[in-house]
Amino acid sequence: MSSPSLFKAKVIKNARLNVEHFILSVRPEGIMPAAQPGQFFMLGIPGRLDPLLKRPFGYFRVKEDALEFLYRLRGKATAIMSVLDAGDEVEIIGPLGEPYPLPKPKKVPLLVAGGTGIASLYPLADAFGGEALILYGGRNSDELLLTEELRGICRVLGLATEDGSVGVKGTVIDLLKEFLAGKNKNRHVVYACGPRGMLKAVSELGLEGYVSVEERMACGIGVCLGCAVKTSTGHKRACKEGPVFRIGEVVFE
Amino acid sequence: MSKRLEVKIGKLTLKNPVMTASGTAGYGAELSEFFDLSRLGAIVLKGISLKPWPGNPPPRIIETPSGMINAIGLQNVGLKAFIDEKLPFIKKFDVPVIANVLGTTVGEYAKLASRLDEAGVDGIELNVSCPNVKKGGIAFGLDLKAFYKLIRKVRGCVKQAILIVKLSPGAPDICEFSRAAEDEGADAISLINTIPAMEIDISCRKPSIKNVIGGLSGPAIMPIALRMVFQASRAVKIPVIGMGGIRAGEDAVKFLLAGATAVAVGTAIFVNPRAPINVIEGIEDYLKRFNVEKVSDLIGGLQL
Amino acid sequence: MSKRLEVKIGKLTLKNPVMTASGTAGYGAELSEFFDLSRLGAIVLKGISLKPWPGNPPPRIIETPSGMINAIGLQNVGLKAFIDEKLPFIKKFDVPVIANVLGTTVGEYAKLASRLDEAGVDGIELNVSCPNVKKGGIAFGLDLKAFYKLIRKVRGCVKQAILIVKLSPGAPDICEFSRAAEDEGADAISLINTIPAMEIDISCRKPSIKNVIGGLSGPAIMPIALRMVFQASRAVKIPVIGMGGIRAGEDAVKFLLAGATAVAVGTAIFVNPRAPINVIEGIEDYLKRFNVEKVSDLIGGLQL
Amino acid sequence: MSSPSLFKAKVIKNARLNVEHFILSVRPEGIMPAAQPGQFFMLGIPGRLDPLLKRPFGYFRVKEDALEFLYRLRGKATAIMSVLDAGDEVEIIGPLGEPYPLPKPKKVPLLVAGGTGIASLYPLADAFGGEALILYGGRNSDELLLTEELRGICRVLGLATEDGSVGVKGTVIDLLKEFLAGKNKNRHVVYACGPRGMLKAVSELGLEGYVSVEERMACGIGVCLGCAVKTSTGHKRACKEGPVFRIGEVVFE
């Protein structure tokens, strides 16, 4: 795996998908980092003391010489990100963390995304060259992003919204259970990314596969021990041993 | 390399006055991907205890205005694994290695110190100021009698390495504790450790970190750190290692002027893993810009 | 006006829990150009001493990351001019008036308190924590015996007004001092005062403020203030008035959850003279958004 | 005098005069504040914690519905100001402080400006309807701003630069001494604004008139006592009793 680096990048575009979601496209100074699906980058605005820390964002894709991040407005840092313009400078560390492992031969990749969890599963789906199944849920249609593009890079795309505005009414977990009903669980390898509650629910279904967790991170590079995740073998670092963990490894409370 | 940046701490000569702060550079491996560790004045490693500690349950960190709170709770591999697995890696670099230790009793500190001394570390920093572990540690940093006893005992166990005592910013009188460390033969004191602090998530009405209280670090505390370094360095003759919010050469120069002989970079590493290098280069720039011959000319150079 | 925001401190009922912090609202005149002072829960005025004090020579302030340092040195008009010239103006508003006092001896504090009590202020806040005057003040805030003696004496002099004791953030044990204030009959404690700090101008190698050391305030210290308010409020039954970095309703809610009965807005007034009003409105918004019936339901409501 | 208010304003233009100097034009929400020459405004970017405090800038002029400030790049806040774009929002308090008093009849106003001191003397010159004399000094030609415009609003414009690139070689104090040589001092009322050293020198010439001082300010409205100026009658607030003081009142050390 390529080792991480610290680099500056210029914003090329900051496209608003809808009221809360954006795609930030940046051109790194120097060479394009070689990231793998599941890895992430720490992103910040140089010189600012408030917010002080960089924030983690999943590797989404490289498109036309630009490194892209799919992000949702959440608090202080993402609010500042959302007003970045072309030409503005950001500072980035990455690629960081462990990527999603490849499935054993003959197993079908089943991607389960909740909300912005799609950001890291999108490049994974792409890497499977149309073979993946994707189940994707959100609270409403605004939280289901890029569905047309996704359809083009997977075999099946199942959608669920809690308000029923798109796809099945319910959570992605409902969708997953329905999908698995009567099927042989062992045929699939699950890749799940989304809110903690969703990952917990996925982990309780006795499936083989991986979850990608989100923890608050100070450094992203493994030195602060701030991103501890409780696992069956003690605390592990979400940024270093994770963010991708085998199902069953993380102890959700 | 010129000797312009050289400083001395006890018998140790540092090629420049910039170290990492304990707990912000791990045991060196991760940072070595971002710069050559040999460029540092010294590397101070994550605090270790006699036995491995699991640390506090998450969440452990939260950002605050120009700072952050952490309650890692001294998660560490323990003395044995440190000596067997971590020390060999860092010893490959041409950089003085300073181990940071925390115990719950005088005996534990003494054992840690003598084993590490034998294992060949260049310095031992006694953390008597960690706000994030329930017993031990900070108790020594707040009780002058216990503090005296601790330093005396540990001093007897350390033969090769230099002995640094890291003071608690909550010490009732920083000058008194500084002098106590000096009296008992410490080679240097370091300060400040993080300041006990708290943040609350008002949407769930819970503390933002599981441990409720953690330690505040980063630029927010720099003015407090600078004041304490100023006071401590006027109270003692041994070198003072200053830290708290340093992120650039200018900040380091402030600590040197206030009386520090060396500085440590902590939280800034999280923002920028190359921060210690930026600080070294920033100090060099300052020397050039203001025509200062050598860094030691700055130490305590504040004009009152 | 609904009673949703009402809180009680001693015998005083405040229409809302938001005050100004001493030294950041003058004697009221300047702020009255920006909002109706009657909207405040209480107004706490600039500290006064027996005789007029000239204060420290300039420069007196410097900005720091998310905060500022000041060393005003309690410049004030003195007790007589305060009563004759300043008090009449502020008494015209429908707002409880709290005088903040600082003396160099127990006798001075006692005299200040009894005169102000007679002059009809609603509350007297004893500043035993000013880091910016050489003698008196903070000495009482750091020495438990002297502190006991002071509060006992002053308590005897105050009949009408409520008595608030403003604690030093440097107190060796904040809980002990809080309990001492309670034991001696204080109606409330307030905290935190500014934290001793320092900044240096590296181009001239001088302290940025003439007094060398000043007090740090603003958002930078909020996590420390919040922690101390949490600790103090668990140590006593009397109300705690929390302050340190509050600029918005959300911040105030954090202090209330941590255990404060009321809050004070200080440095934020410098940034925005209407900050106390924003804080009041922000608290109201929070109550609505989270369906909380009244502000007193929040006090100490932190879920551990 | 109109009482101060707190208001938001939208940036209309942020014109760069040269490498270090800018004119910021903003349109206040609500009515245009009625400021007088010598008064100032506190200006900040809402919501930022670093820099935390607003910064004082002299009232420069109102032009085409815009309130304008002439400012020089100096540190943190002015660096952020310099990258403000049209549409950005600023927060302002003012007008604040005491304006320059009018001269007694028959006296000739003599304006002495050092560097950005011209910002507050410009509107004063304008108010004198072409009657004022202006002496204006800077380190080099870059520090002498708007000289053409100034020529149009005064009787005499004397220029000095320390490097001699424009006008007399020397300081504005040299220029002032030369100007006064052999003249009856009592015919003039001096209005001086500039660096502390310059104000001190002006004050030592036994002239009648006023100086406008610059002190670090936290609040600008008179509540913090941070801006103390040592005067012959004790500490006074630069933001309230000043920034304009009678010559002889301020004790320069």
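Letters are used for the chains, namely A, B, C and D, taken in the order the chains are written, and counting of residues starts over at 1 for each.
The rule is simple: a contact is a pair of C-beta atoms (placed from the backbone, for glycine too) under 8 Å apart; a residue touches a chain by one contact, two chains touch by 3 or more.
All of these numbers come straight from a predicted model, not from anything done at the bench.
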- prompt: Among the remaining chains, which ones contact both subunit A and subunit D?
  reply: B, C
Message: On a C-alpha centroid basis, what's the spacing between subunit B and subunit C, in Å?
response: 34
Statement: Chain centres from averaged Cα atoms put subunit B and subunit D apart, in whole Å, by 47
Numbers and ranges of subunit D residues touching at least 2 other chains: 49-50
Query: For subunit C, which residues are shared contacts with two or more other chains?
result: 65-67, 218-219
Message: By the document's touch definition, which label belongs to this structure's chain graph: line, ring, star, complete, or other?
response: complete
- prompt: What residues on subunit C touch subunit D, complex-wise?
  reply: 23-26, 30-31, 33-34, 46, 54-63, 65-68, 70, 72, 75, 218-219, 267, 269-274
- prompt: Which positions of subunit A touch subunit B when the two form their complex?
  reply: 3-6, 44, 49-54, 76, 91, 93, 215-219, 221-230, 234-235, 240
Residues on subunit D engaged by subunit B in the complex (per definition of touch): 49-50
- request: Show which residues of subunit C lie in contact with subunit A when the two form their complex.
  value: 65-66
Query: Inside the complex, what are the residues of subunit B that reach subunit C?
result: 64-67, 69, 142, 172, 195-200, 202-207, 212-213, 216, 218-224, 226-227, 230, 245, 250, 253-254, 257-258, 286, 290, 301-304
